[in-house]
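This is the structure I have questions about; it appears just below.
Chains here go by letter, A, B and C, matching the order in which they are written, and residues are numbered from 1 within each.
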Amino acid sequence: MDLNALIGQAVVNGLIVGLLYLLMAVGFTLVFGVMRVVNFAHGEFYMLGAFVVYYCVTQLNLPFLFSVVITFVLAVAFGWIVEWLILKPFRHDELNGMIATIGLAMILQNLALMAFGPSPLSMPSVVQGVVHLGSMVIPSSRFYVVAFSIGVLLLLYVFLRYTRIGRALRAVVQDIEIASVQGIRASLFYPFGFGIGVGLAAVAGALMAPLFSVSPFIGAGPLLKAFIVVILGGLGSIPGAVLASLLLGMTESLGSTFLSSGTADILIFAFLIIMLVVRPGGLLARPEQ
Amino acid sequence: MDTLLQVDGISKAFGGLWALSDLSFSVSCGEIVGLIGPNGAGKTTAFNVISGTHPPTSGVVRFKGIDVTGGPPNQVVRLGLARTFQATSIYPAVSVEENLYRGAIAAVDTGLFDQLLNGLRTRAAVARVRENVESVLETMGLVQFRHTPAGGLSYGYQKRLGVAVALATRPELLLLDEPAAGLNPEESAEFGRLLRTLRSNMNLTLLLVEHHMALVMDLCERIVVLVEGEKIAEGRPDEVREDPLVIEAYLGAPE
Amino acid sequence: MQGATRQGYDFESATRRIAYLVLVVLCAAPFFVTNEFYVHLAVLICLNVVIVGGLALLCRTGQLSLGHGAFIGLGAYVAVIATMRGHWPFWLGAAGGALFAALVAAILGWVILRLRGVYFVLVTFAFAELVRLVMLSWSGLTGGANGIVGIPSATLLGFAFDTKMRFYGLALVTAATVIAFLYAFIRTPTGHAVDAVAENPALAEASGLSVHRIQLMAFTIGSGIAGLGGALLAHYVGFVSPESFNTGLSIAVIIMLVIGGRQSVWGPVIGPLILTPLPELFRGAVQTQHIFYGAALILILRFLPGGLASLLMRMSGDRASH
């Protein structure tokens, strides 16, 4: 494969991966924006999403896309209940809320371990074959993941921008005091925002389930990626998350194509720390951050 | 009279909004100066810039001749410029005495090692701090509350404690951000008397932001008027009261 | 003053005396039991006290680190490499490990401590991952994924701590020193400054205290203590690998600290004391055990944010936060 094709392939792979990271990060940053809580259990909702879709497709024989929708709905409902039952005392208590989500993550992961066992399960792929783009070869399944991810993100964009509830949610993220003054019932938005946030994580897990294996341990990796994205993009900033996740995906992909993946990771972390020195608020930070 | 504080051409922008435009004034030793203006005029922003909490977009702040523009706040305090906050800032979980102790503790600059061993230098420094705390307790009339948890104090006394904590840093210039907010006229007058006593007993210079016109007119020797980030008038209370610009912008509505 | 105003039974100071007595008995017991397993537990408890004590110092300034495990690991690896490759004596290696961990924390902290608390935690998490990756990749030095085995026992002036009982003596002394340090530290002027920074950083800064400097100091010393714990751990277990010091360890330390108590000097004692033997209670039901930890964490945060130590403090009439 010549160099251009190699780079092209890496860029495309990077964009694909970046989109998944974006799904994770947007939900994560949404939860932080609404509740000011760093949700350590975010990765476990990703994991649970993968399991729900696995169950729907292999046990209930439901079509894949329909299963993803079910996953989202269930995750939003579950997230709502969890926030209301467990996290309510920690709203706006950044430090303790974060520790509480650590506890939540442990509970969720170990419940999954008890229910499903530690062995990785594999789902049949959604589509077979490959797609050719010029001289690049992309497995169709990945291509479909990209399409679905973009679809979900577009829906989210429309929701946040054009629906009344979505605009209210954005207002709450931006400034909860002003939002309350405008009559938005902030107390409803905590469980709602949390539900949507973890719902997005579950969708990311559901979309990735056919590509990789499904096990109770798959949550940790995406969680770390979500952290990196929000550090780079700024906590609570959705545009920042977009920029940072695509950047991260591409850097990882290009890095692991031309260097070893271990070196690529180390470079990413080093870049992260440098970024924090130069721009503590993230890539798109306003100077007043 | 020496100039203690010199504010030169301070401008501060937040995004596209100019909170302060080319603000200049000075405060001399021993003065009580008031900074007044309608809500949103930029008074607290001016305090934030002067105390080093926020750097200005342009301009210079000089304290005792030293350029203190941009802070950091803790070093500005160590030079002798202290401030209080609009929303009363205290340590609610601990006693009044501990609040003042924490306010004064920056004066202990012995190393950790000496402190752990309770060495002579540390003991001497702590003794000085304890003396300082005692004197502030007395001056501010808080002796009977010394063991009370600060969060349990009434609003008026919490405000007083906020000022006391700032005093514990042994400042030469004290910036007071709306110290009489929420006080009734009687409490407000008593507070004014307290401030005058502080000024003479502790060699203090005061710069205060206030809305209580009665207190300002009575207490301040000089007044700076800020409207939408710009200084529109400066002078003695009687001068400022007569100034047509001020009347139009601010004093038109009865306080 | 406490409790002495009542005639008859002074519950509070009796509680305090009993607590101290129990502590002394617990400390002495491992020297007299024959079952090696209990001595082993006692050693682990002491090492955990050291490690949790280090985190407690940082926590007192209002920050939380998810990278504590990495500093334990840095101390362990440096001490072991110094001892086994550099042929340094044990105590020098351990000191080197602690100092290296402190140095790395100082550099990292100087850069990231000016971040808001939340960012700080995220970065410590990412940093811990970075350290783990470096440990894995730099296999020439660290042995890579296989780690380093055959670590010799700790020796001091020719005396080898090669039995569990002997090592317990070393671990106990170290743990006691760390707690004594914390106890003294809390009472120094800097200790008061730390409490000020935790409760109201803006006011602390406005009173002449440098929040950054104080948090950096706590982060540096606390991570150095973690490094010391790591060095001891390595010489006790005889083996280190990158996976021994991953995020799981950082989380375990946080759990011990939160349940033990973040405000009190006894938190780093009570947490490890109660949680280290817990796996025995669960007899291999690892998942149930971890669910218990998660639930206990949430419940303590909700209903007893000062941890179990605060309960003890209340019972023994200690109204101060120490």
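Simple rule for what comes next: a residue touches a chain if its C-beta (ideal position, glycine included) is under 8 Å from a C-beta of that chain, and two chains touch if they have at least 3 such contacts.
Quantities reported herein were computed from a predicted structural model and do not represent experimental measurements.
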- Could you name the chain whose Cα mean is nearest to the mean of all protein Cα atoms here? C
- Query: Computing the C-alpha centre of each chain, which chain sits at the greatest distance from subunit A?
  - Reply: B
- Calculate how many whole Å lie between the centre of subunit A and the centre of subunit B, each centre taken as the average of the chain's C-alpha atoms. 47
- Centre to centre, by mean C-alpha position, how many angstrom separate subunit B and subunit C? 41
- Can you give the whole-Å distance between the Cα centres of subunit A and subunit C? 33
- How about subunit C: which of its residues touch subunit B in the complex? 181, 184-185, 188-190, 192-193, 195-196, 199-200, 202-211, 217, 321
- Query: Along subunit C, where are the residues that touch subunit A in the complex?
  - Reply: 62, 64, 108, 111-112, 114-115, 117-119, 121-123, 125-127, 129-130, 133-134, 136-137, 247, 251, 254, 258, 286-288, 290-291, 293-298, 301-302, 305
- Contact footprint of subunit C on subunit A as seen in their complex: 32, 36, 38, 86, 89-90, 94-96, 98-100, 102-107, 109-111, 113-114, 220, 224, 227-228, 230-231, 235, 262-263, 265-266, 269-270, 272-273, 276-277, 280
- Task: Sort out for me which residues of subunit B touch subunit C in the complex.
- Result: 51, 53, 72-75, 77-78, 82-83, 85, 89-94, 98, 101-108, 110, 112, 115-116, 118, 122, 125-126, 129, 165-166, 168-169
